[in-house]
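See the structures that follow.
Here come two complexes built around chain A, the first alongside chain B, the second alongside chain C.
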Partner chain A sequence: MLYSVAAAVLSLALAPVYDGLERKIRAAIHTRIGPPILQTWYDILKLFTKEIVVPVGGAWYTLVTALELLALIASSAILYHISSYGLGHATLLESVAFIVLTSVVATLAIVRAVSQNNVFSVVGGFREFSLMLSAEPFLAVSFLLLASGAGSLASKSIATAVLAVSSYVISGRVPYDIAEAEPELASGVNIELAGPLLGLATISSVLKKLVSATLTALALISFVGLSGLSSLTAVVIATPVVWLVHTVVSTILGRSRVDLAIRFLYVLLFFLSSALVLSFGLGL
Partner chain B sequence: MKSDSSLSTIVKALEEVGAFVEEVRDSEVYFRVTRENVRAAARALYSLGAYLKTCAGVDERELSGLFAVYYIFGLDDHGVDAVLRVLVPQDDPWTVSVVPDVPAADWCELEVRDLLGIDFRGRLTKRLVLPEDWPEGVYPLRKEFKYDEKPPRVLREELSEEVGIPVGPYHPALHEPEYFELYVEGERVVDVAYRGFHVHRGIEKLAESQRFTYKQVPFLAERICGICGFVHSSCYVMAVEKAAGIVVPERAEFIRSIVLEVERLHSHLLWLGVAAHLLGYDAGFMHAWRIREQVMVLAEYLTGSRKTYGINLIGGVRKDINTEKIDKVLKTITDLRKEFTELVKAMLAVPQIKSRASGTGVLTKAEARALSVVGPVARASGLYRDVRKDYPYLAYKRVSFKVPLYTEGDNLARLLVRVDEVFESIEIIKQLIDMLPGGSVVVEEYDIPSGRRAVAAIEAPRGEDVHFIITGVGRPYRWRVRAPTYQNIPALRAMLRGTPLADAPLTIASIDPCFSCTDRVTVLDVRSGRKSFIRLKQGV
Partner chain C sequence: MLEVSSVNIAKALRAIKKSVWVYHLNSGSCNACDIEVLDALTPYFDVERFGIKLVGSPRHADVILFTGPVTRESLPKVVKTIKAMPRPRLILVLGSCGIGGGIWWDTYSTLGGFKKLEEILRENGVEVDRVVYVPGCPVRPEAIIYGMLLLLGLVEQKSKRVEVVASEG
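Right, the complex of A and B next:
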């Protein structure tokens, strides 16, 4: 338990550094120098020195933003707790708690967006909602299957693929950054944020990437059959590697459109899920 | 003019509707037509395949005691401009509108109405160019109005927070103040209204003022646009040279042509980067601009400046090409071609680029024809229009190049036209450098008689740029500038209808508009009829 807490705290502290590394790698692909690796931390700290500006829509907006961050921290903590003994050995309660928290994060983000008196934010919120409907059910099913430890190598591989795709979607990277879509919606869901509130949202955004990378790392490590401290260590080490892969994928692609994204995700995830059901049914 | 039969065909058609020839100059024919017959004359020209280039209102009361409206039509197939001149009495300033037959005249007629006070009958009118707080009955292009006069502001009841303020909500996709009202159903745009001219600078009026002379205006013209300024200065000097009959040295013509193509290269690369950014492909954006940097260096080799070259003079150019740097220029464009080929290959392999640009922002050939759109917008909709081919000018008659043509009319087609044009421009520059003649680069002695008229057109990166001039004493009596974007923006309404909201910025950018990063959007839910505005205080 102590190691899990330590790993969670370490990863939460390192997430902005991973994000800084992402910016550096993206810059290298762009042939730019890019900001320092600690830039995301600098940004967050700077934002918290600014005055608090509560957007039109009420003070509870702040509460929703803070709750979203808390839910993300909790879901990260559960993931690291599960990591300490391997994904295939998670209890049903832990698995359901993680799924519920993931849905709560997405729901709070949507509530935050649509509660604003700003059409860009509202449009962004509905895009977030569409993505959530496309990816979350597949993420939940694949996670529960892997957490149960049931199934063959083939079915676990397919479930891992479903989990990897759906967790990439919730990370909010290109091509699925459509809720924010800076050139289209002028930052969409984040348009009303400034100062410490934007700081909170920035941390949430980074933690979403952390959860996304940790999920895939956890699923991949489960194939090795590690447990205890070695499993936890492997997940902590594999997370930035998955993050790196996510970075490269997002840099070489363009932004999708909400209708195209949903169509693509449904086709891909439905195909993978069908293969998963088939492999279970045939006992492969 | 391609042949005498072209002229007789045009003259015959117009004489049948009561117009008569006033003057024939080079590739221009000026017709006088009464205000009652102007619509029939415009219809006759349109039926001959003419495109409206622009129209211009002129306060000719000092010359003839009347106002005049000039409609400039280009007959691309004949290589001739037909100009209709309509005289309007000052005590009864109205004329018949040609808009019902020539929709492309919509904006320029409204501009004449705003700036000169001539009313147009047979069409809906509204204020277009003047700000909302400009007083009624004050017309800045009338000669008695001083260029630096500031009439008292008139605050109107209807001025609201949502309209009429030239600063405010900005859109990261666009680069100058403009305002679109997008009416959406879900994520699909069903209609659009546009309001622009927030930063109308009165440059035409300024050039007619005592502050400027013929020789100074090229430097003013070059500042019309930060991207294709050389096009404007070239077009201005060409108009003056045409009007005054000044023969420019051949070497100067080559230099102008080379620099015009360099400008096209940097403009298209800039646009390509912006398009990639709008589609979320920032790697494409960064690499397009990295490659563009070579073009900026190329411009510096040739002119001494990365941008706003300032080398155009009436009668030639004030700076010869540095021949010691020709090898560097050739090496740079060879490298540029190689790197650009790789960039295009990578960009078109990104699935989101093709899926989002294909089938969006469609402008049909018929719509493109009716609105007289120009440049890559026209060529992507299947209209074979390129001033360099239709009205060969400067050194373009000496080089061989293709005019890229696509028929799809969508965002991808406009992207591909620009990609093809980059390759063509590289080849044009190579040919021009290879054939660069010797001799002087400027005519020192010349005379510019007053009362002469001329139309000059240049194929800018965004399309046909048109300058119309009436010479005066020491400075232009009237100088009319029509940038290509002016002709292409009205087509956005057709292009945006049915486009997904997400692709609206790309569609707007696909005409490569000359307004930029500031925007204001109004979204109307057509199901509920509820209209919500983005307000200034929202800081969008």
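Right, the complex of A and C next:
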């Protein structure tokens, strides 16, 4: 338990550094120098020195922004707790708690967008909603299947692929960053946030990436069959590697049309899910 | 109506030196300066190495890249946008039109540049913490980057204002 808490705290502190590394690697792929590795920390620290501008009645979204961050910290803590004994041995309560927290994060983002009294943020909220509907069910089913430890190697591999794709989507990277696709779209769930509130939202977006990378790392490490401290260490080490893969994928994919990105996701997840059902049905 | 907290301007200005989020505000320019702004923000010039990032909302911005002579039509929107920015407010005024109205300096339909806008902002209680003017028609991307670094206090100003009085006869 103590090691899980230490791993969670370490990863939370390192997440903005991983994000800075992502920006640096993206710049390298573009053949440019790019920002310093600590840039995301500089951004967050700067936002906390700026003026807070809260529209009247905006206490709601201050609360919602804080709750969203808490839910993300809790979901990453659960993931590190599960890491200490492997995904295949997670209890039903832990698995359901993680799924519920992931849905709560997406729902709170929508609530925040709608409570801002700005039509552009409402538009961003609907985009967030469509993303949630397209990825969350697949994420939940594949995570529960892997956590139950049931199925053959083939079915587990397909479930891991479904989990990897849907966790990439919830990380909010290109082309699934349509909820807050700044600066291409002049609308998004964060449009009215300023100063420290925007700082909290920025930390939340970085933590979403951390949860996404940890989730995939956890699923991959479960194939190795490690347990205890070695499993936890392997997940902590594999997380930045998965983050790196996400970086390269997002840089290569580039921006896509909102409807095309969702349609492509549906087709991909439909094929993977069909393969998963077949492998379970045929007992492969 | 807004609820606004007080802010330590000096501390915030120090933090902005390492992280600069810019918002592009066109007050009715011919788009030449705007094309140069977009050029300056491309990977070719790589302004992200200075921590500069383009944002889509004035609420997120530290610096406004201001172009155009401020047309009468755009004036209320310009004031509203600058007011929406959280303090400290930094403005980089770009191009001849932004600075003094350019060839439209005395036309009925424009305000005639940022200097006159500054007076209106002051009357409306909108404080601007720092302004740097970058001349040019259109302004060059290198000049925009230099102006930005000057605005942040990262480089010294190379040129100085010299007043020349023509001798009689």
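As a working rule, the second predicted complex is superposed on the first by the 278 of 284 C-alpha atoms of A that agree within 3 Å, B and C clash if a C-alpha of one lies under 4 Å from a C-alpha of the other, contacts with A are read in each partner's own complex, and residues count from 1 in each chain.
As a working rule, contacts are C-beta pairs under 8 Å (C-beta built on N, C-alpha and C of every residue); 3 or more make two chains touch, one makes a residue touch a chain.
Everything quoted here is computed from the prediction, not taken from an experiment.
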Which superposed partner A:132 touches (first chain B, second chain C, both, neither): neither
Chain B versus chain C as contact partner of A:50, first or second or both or neither: second
Which of chain B and chain C A:23 touches, first, second, both or neither: second
Contacts of A:193 with chain B and chain C, given as first, second, both or neither: second
First (chain B), second (chain C), both or neither touched by A:35: second
Common interface positions of chain A, toward chain B and toward chain C: 30-32, 56, 182-184, 186, 191-192
Chain A-facing residues of chain B, complex: 170-173, 187, 276-284, 286-287, 290, 350-353, 355-356, 500-505, 521, 523, 532, 534, 538, 540
Chain A residues within the chain C interface of the complex: 23, 27, 30-36, 39, 42-43, 45-46, 49-56, 58, 182-188, 190-195, 198
In the complex with chain B, residue positions of chain A that touch it: 26, 29-32, 56, 117-120, 123, 174-175, 177-178, 181-184, 186, 191-192, 251-260
Residue ranges of chain C touching chain A (in the complex, touch as defined): 1-8, 11-12, 14-16, 18-19, 21, 43, 46, 48-51, 53-57, 59-60, 62, 84, 86-88
